[in-house]
């Protein structure tokens, strides 16, 4: 039941998000020469924004007395910034980056994917794809004011609840 | 019970397929020098077919209002074609290809393998083999009119049900 | 001497290309809370454009009697489209993709990088980075009409001269 | 000749460093049970220092009109901080990190290693070790005031001379 509801919600989110970008899909792989077309206009996170996001996340991490690794990727899923607090887990260097990548690769919070990748779930074992995904909480897409996903933040270093809290504080810096 | 039935069906399929193939296998590993033989005749997907399959999948994807990554591999499991619709998930680039590869590597729908790879199942953790397999729906073998598997299609970008629907539309283009 | 000239040319290219985007660089990693900023506006290749590029490359490949693997990546360096002609080298599946990635990763033709990565050159052994780069000809950045790099094409399957010729034909499709 | 001198200097450095370290090494692999000893006191870069280093590098990068990827690793060779300026090469994300790692892994400037890794040189092909090293300029060890190596900076995004200049500006921030 819960699984069905999650699938419906995913479908609703996908439906509403995807409708906007729909008009420019390909009309043919080959055959008659395709018409000349313009590139799509997009948005991407700036270094200034990545720093603002990291700064807000760091403040929250200190406030709740945790030591975190904080990664930010851009719209293409490529690393934009990273900072590791003194004493933070070494193993979280990779996890923070994989969380950020995972959140951007599917434009949803990493924890949402984790609900679907459990044994018996529709995305079981998705983690082996893309050179390794992390599907527990701590990765959140970053959005421009118009809702365009311009990157993602990934946080690792404490409980997954704390990781998510810190990531959310980072994401909120762009609001 | 369902699991048992699935296992029996898999066994039946395997049995019949293997029997047919058996007649052309070597009759002795060693002993008298083997007779000179001709190479086997095979069939493989063409680029034109891969484009036709992708085109049909794209049409279906638009029709059900989704944005998909669509990969086609040949009889050798090697990438033949790929197209990513504007706005489709970046994480699906790899998953679509892994679904196609998985479907061809075992000549069955990826979702069927996923039923067997659950905890306690006979193929538990098969996903870590072959550089990473994807065992949820969206990968389907592609067949010539005589049933020969000539490749596979893998689709990713929406719910696994939608992924499978789009992949099936692609596979049907060869019928 | 040649090496110095190449370095000067690289510097000149870098200088002119980079000046335009210069104004938005970060003012501080941390310290006082950074000011709120807007995301940067960018452009990205569409699926229609990727198809047009591939189509033009395919036509050229046929015209010069070669069999090619043709890959297109987007502005983020992620695969957008791929097609392998019947009988084209299997080993070129990966090389075509790596050429496209390499061309976008450094916004220059792959062959230019190869001149700098020779023994004694300033970029010797750069190929081991980024999961593997290909630095011989066949990869070319794709540009919007205003010069923005929106992706890249990578072609492999024949001599590097032929590979470059086919890639150029693809790139010209956006002019 | 230059190469011989470099080798001699390397030998001298190695000799003096190793002599100092020798006094605290175990005097017997086996035999009588070793005495209880204290752990060694070490020094490591802080997040604040990594930010200061990155900040100084960023300022220099702007001053010489370049766009850079800037990575800092700690004494363990693990990523401490990273920032990518807007428009900087995507391919430099990995190279900047590999330069920093390489500089710390051997406690010398990356360009020095590159002189030794040429064809016929004593470290030929060292680049394939450690998951990939970068041995051209742009990586510099970071030192505490007493000379202890506490990490390294790696810079990539322009000519190797510019990369080195920016990395040096970062390293100087700790002086």
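First chain written, first letter: the chains are A, B, C and D, and each begins at residue 1.
Operating definition for what follows: a residue touches a chain if its C-beta (ideal position, glycine included) is under 8 Å from a C-beta of that chain, and two chains touch if they have at least 3 such contacts.
This structure is a prediction, so every number in the text was calculated from the model and none was measured.
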Original post:
Listed by label, which chains are in contact with chain C and with chain D?
Top reply: A
**OP:** Would you kindly tell me how far, in whole Å, the mean C-alpha position of chain C lies from that of chain B?
**Re:** 31
Original post:
How far is the middle of chain B from the middle of chain D, if each middle is the mean of its Cα atoms, in Å?
Top reply: 47
Original post:
When the centre of a chain is set as the mean of its C-alpha atoms, what distance in Å lies between chain A and chain C?
Top reply: 26
**OP:** List, in ascending order, every residue of chain D touching at least 2 other chains.
**Re:** 51, 81, 83, 85-86, 90
**OP:** Have a look at which chains touch which and call the overall pattern line, ring, star, complete or other.
**Re:** other
**OP:** Let me know each pair of chains that touch one another.
**Re:** A-B, A-C, A-D, B-C, C-D
Original post:
Which bits of chain C are touching chain A when the two form their complex?
Top reply: 24-30, 33-52, 54-56, 58, 74-78, 83, 144, 148, 150
Original post:
What does chain A use to touch chain B in their complex?
Top reply: 7, 10-11, 14-15, 18-19, 21-22, 24-26, 28-30, 40, 76-77, 102, 104-107, 119-120, 122-126, 128-131, 133
Original post:
Can you name the residues of chain D that touch chain A in the complex?
Top reply: 46-47, 50-51, 74, 76, 78-86, 90, 93
**OP:** Give every residue of chain B touching chain A within the complex, in rising order.
**Re:** 51, 54-55, 58, 61-62, 65-67, 81, 83, 85-87, 89-95, 98, 114, 117-119, 127-128, 132-137, 158-160
